[in-house]
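Lettered A, B, C, D and E in written order, each chain numbered from 1.
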Amino acid sequence: MKKTDLLTPIGLFIGMTAMFLAIFSSTAGTGNLTDFLQVTSILIVLGGLTAAIFINFSLTDIKLMPRVFKEAFQTRNHDLRSLIDTFVDLSTKARREGLLALEAGLEEVEDPFIEKGVLLAVDGIEPDVIKDIMMAEVVAMEERHRKGRLVIEKAAEYAPAWGMIGTLVGLVLMLQNLNDPATLGPNMAVALLTTLYGTLLANLVFGPMGHKLMLSTEDEVFVKQIIIEGVIGVQSGQNPKVLQEKLAAFLPASSKKKEEEAPIGEPVSNE
Amino acid sequence: MKKTDLLTPIGLFIGMTAMFLAIFSSTAGTGNLTDFLQVTSILIVLGGLTAAIFINFSLTDIKLMPRVFKEAFQTRNHDLRSLIDTFVDLSTKARREGLLALEAGLEEVEDPFIEKGVLLAVDGIEPDVIKDIMMAEVVAMEERHRKGRLVIEKAAEYAPAWGMIGTLVGLVLMLQNLNDPATLGPNMAVALLTTLYGTLLANLVFGPMGHKLMLSTEDEVFVKQIIIEGVIGVQSGQNPKVLQEKLAAFLPASSKKKEEEAPIGEPVSNE
Amino acid sequence: MKKTDLLTPIGLFIGMTAMFLAIFSSTAGTGNLTDFLQVTSILIVLGGLTAAIFINFSLTDIKLMPRVFKEAFQTRNHDLRSLIDTFVDLSTKARREGLLALEAGLEEVEDPFIEKGVLLAVDGIEPDVIKDIMMAEVVAMEERHRKGRLVIEKAAEYAPAWGMIGTLVGLVLMLQNLNDPATLGPNMAVALLTTLYGTLLANLVFGPMGHKLMLSTEDEVFVKQIIIEGVIGVQSGQNPKVLQEKLAAFLPASSKKKEEEAPIGEPVSNE
Amino acid sequence: MKKTDLLTPIGLFIGMTAMFLAIFSSTAGTGNLTDFLQVTSILIVLGGLTAAIFINFSLTDIKLMPRVFKEAFQTRNHDLRSLIDTFVDLSTKARREGLLALEAGLEEVEDPFIEKGVLLAVDGIEPDVIKDIMMAEVVAMEERHRKGRLVIEKAAEYAPAWGMIGTLVGLVLMLQNLNDPATLGPNMAVALLTTLYGTLLANLVFGPMGHKLMLSTEDEVFVKQIIIEGVIGVQSGQNPKVLQEKLAAFLPASSKKKEEEAPIGEPVSNE
Amino acid sequence: MKKTDLLTPIGLFIGMTAMFLAIFSSTAGTGNLTDFLQVTSILIVLGGLTAAIFINFSLTDIKLMPRVFKEAFQTRNHDLRSLIDTFVDLSTKARREGLLALEAGLEEVEDPFIEKGVLLAVDGIEPDVIKDIMMAEVVAMEERHRKGRLVIEKAAEYAPAWGMIGTLVGLVLMLQNLNDPATLGPNMAVALLTTLYGTLLANLVFGPMGHKLMLSTEDEVFVKQIIIEGVIGVQSGQNPKVLQEKLAAFLPASSKKKEEEAPIGEPVSNE
């Protein structure tokens, strides 16, 4: 269900292009890309950022960072409609052949979370307990994601501060060496570069990525909640049509339209 | 019930007029509109903004943006008094001819949410369950709106940051090319324009729009809550006068005055 | 119970005086009041502010603004001690002559909220229901006040931003016209004026007023909660002395001292 | 139990000393204290601050300010261990001689809150009701403290803003009078002084004081909660040893060590 | 279980190295370390910080600071897997030899919190009461840590403000002594150093340390919650396999994989 999220690299590309455009098409003179690459400035921003992150987190948290980064380049395609169909099928089968028959068809279900839920239902665990067990797993997932995301969010917080620290260092150095007025401009430009790097890191990389990770966790929690509702519905032997109606209420308005054309009260009165 | 919200275009017009006035009536010299149009600056702010939004959100969220934008130019005219009258009528009818008689007159009710509620009531669903089903829909609507609004809110957050990034780029370029003092002023002016664009986008467009969308969602939730109360009241066969009293409590003070002149305790003691 | 709140005009006067003092007693040269009045700067701040408010709110909300403004110049004199006395009298009367006797003496009670509560009590509504009805009114009032206040609070938020926008416009104009060095200072002064206006509006007018409105809403909610407790106490036939004790617990420490001299446990054991 | 809190004056002294040191030991020239005293700047910061506070609050709130200020120079010495001993004694006495015997020994108890609680217990009020009555008093105290503290907290918020307003006024005046370059430096210095005053007020006086008041309210609430637990324990005739154990759980780790050396399970199994 | 947390000193080292690199490899001239050491600047930042902290806190809180600092250099190695094994062993023993047999083997358990829990279980206290007692201890620990951390967090808040105050003092001094243009640069450099110190303290020392302390408190609370679940499980005579399953749900995804290969429904159906 995971696939590459093209939006993240496209966004990074657009951001860098906007920067390059600004540099080359500048009216202030022939912009030169090398003017914008300053190893020392990069070192101080990245070094300071690393320092702050090291002090801020434990090794376990920091080790999560590459995986979390990778996650920001991936998207999960939640096909809610086919998810609902899965539960309508399971519900139909359960009403015809009994709950125990569900265990046999589970190989077709890819999602381990659905599988786990159905197995719990087959084992005759009470609905409340099933909900508790599955929600506990959802909460644990949310917590794990929150921790991984925190490293990114803190990086977005420290990056501009370290950019400013680098600029202050540069300004102090510049002001101590005012003898040659010709170097004033370039030296100040170099000092400002650190702020530019810090702000870019925060507003192009860490800030948006941290927020995308939050939204994707929200999505996943949402899908898992539908699954929990579905499992409970299947176990309690709910009418497949009612179950479909109930799960469809989770869908966004656009994809729900078809259902709404049918009078809403009907399925209920059919029971 | 939707109609064009003139306030949004009027507001944008006033904001732009204030800007133009400031530019043309300036004492600092003959303000020139072209001095304030800088393609590169526009490119870097919009490009950076797009980049941050792309990384921040998924495609589904971004696709919502045009619709959400349109929404900020629309207003919903909630005629609360006629809404209450609708429920007083429904309640009178239900007490005279029974709940089932309501189904016949539903064509006249325009709002699908009222229709859904009344149908649930006619079907004899218990009040608590009706409330749950209808509230679930309200919560889902709130959540959908929140997601759409988030893109606008994040744009208001990234716009000034990218304005500052553009200004930093401009300053670095200017400082690297200090040879000709005559270009210093204009180059710095151009650098500052990016900050101006970013701040304008945040404080004239994205910020106020995002907030208007929040307020209009709040309004809609409020109206839906009155409807839920009304449906429950109709189903439980409440005295139409009592129901009117109860729903009128939701009205703002100004439009409530007439009711308050009648002694408040009476309708209750009349029961 | 409303009377003019002198503190708001006095505060505005002190703030303006401090400004004038700073301008006239300045060591930087003979301060001139006209140097600080710049029609364009005023136009851009007020225009931009209006623009942002128009986009941010609906017409209904904006229409509230004059009334909300007037409210910031009014204070409500809540005489808590006489409020408690009212309930002690009502309670004594209710125990002697029965709850129904209260209806006769209600003309003397000025506060419509007390009147409403007592009428509900006389009608024999259950305490829980009375509490619900009255709290619903309190919550609705809080919500109405919050909405009106929001316009002021948002104005306090947009004012400095539009001050900065005006300053940026001024700086760009100034930098584009650097030919005559003599105009540099005055032009920059004019540019800074917009920031001054915006900051003044936020920190002298909108900010403090918005906060005063919040505090006065809190006060009103507090008084209404005492009234609700009083009505419930009267209805349940509580001993007047116990009721007085109970309501006095709401009073601030300073005005409570007299009561505390009497041993606290006594009234209870007297029952 | 109140005594002078030396930390507040010591802190103010250290802060002022650091300022003086910075001024006198400066390498930038012979620092002169009179350069840092500017009556106009003080007037505008204090005047503006007073203006904002007057508009922000009601007279009742502002009148609290001197008392609240005094409170920031006082500390309360909560001897938790002797507090627990008091309850162990009360509990022992109650078990031996009955609850009524407690009333006689109350003169020795200094804290009126303990006295009130014990009297309620002696009167045979039910534990839940005692808890409600006492908690209501704690909540009311918290609310009163919050209101008094709010004036300080708002002052910390407005002080830097008015410092900036003063600086803007100074800059405008300076820029309008650029004729004599020799005055540029000193005039700008004077303009910056207002920002310095505002920042100092916020970060040396109002900010830390407001926060200390919050912490001391938290402490007081904590002590009152131990007292409530103790009163309930005494009334329910709990074993003194168990009560001691229970109340000791509230103590900070450092002062708890002695108890922990004794096996924790024992007192319970001894019952 | 505590051991030195190398990440904090490594982070501090990386941060300082980045600073030195920036200073020495600067293109703006031969960076000189002594240019960056300014006793007055250090005095004003540390003095002001101490002043604000003294006014902000009580002596008890400030005395916690060295211990809290030390804590930021320590890490706790929570071996969750061996923790679960401990409870599986205890559970097996309890089912075979009875709860009372557990008391004998307690010497092997190092963690006093587990010991306390098991003793409570052995004493036959009810599960709800055990949970309450143990949770009360966890909450108290959280509160103690929060208080200690608050000093660090407030220091991170005041450090940049006092850096700015120092810079303002320096700027005022510089502007008052503009006679010798040659000193302008160095004097301004010195003024900026205070801001640099304040920002460094906030973003390298206090900010990250305060946050690490928060995360390590969260970790400890998490481990204690597993222990509470384990104790309750042991007391209620839960099947060791089920208990292992239940506690393993707390583990992060990576270390959980092995368990998940076994069908999840099984252990439950085995009961």
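Basically, contacts are C-beta pairs under 8 Å (C-beta built on N, C-alpha and C of every residue); 3 or more make two chains touch, one makes a residue touch a chain.
Computed from a prediction, not measured in an experiment: that's the story for all the values here.
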In contact with chain A and chain C alike are the chains B
What chains do chain A and chain D have as common neighbours?
E
Taking all residue numbers used at the chain B/chain C interface, answer same if over half belong to both copies and different if under half do.
different
Euclidean distance of C-alpha centroids - chain C vs chain E, Å
42
Distance between the centres, which are taken as Cα means, of chain B and chain A, whole angstrom:
26
Which residues does chain E have that touch at least 2 chains other than itself?
186
Does the chain-touch network form a line, ring, star, complete graph or other?
ring
Which stretch or stretches of chain E touch chain A in the complex?
5, 7-8, 10-15, 17-19, 21-23, 25-29, 31-32, 35-36, 72, 75, 184-186, 188-189, 192-193, 195-196, 199-200, 202-205, 207-209, 211-212, 215-216, 219, 249-250, 252-253, 260, 263-265, 268-269
Contact footprint of chain A on chain B as seen in their complex:
39-41, 43-44, 46-48, 50-59, 61-62, 112, 116, 119-120, 122-123, 125, 133, 136-137, 140-141, 144, 150, 154, 158, 161-162, 164-166, 168-178, 183, 186-187, 190-191
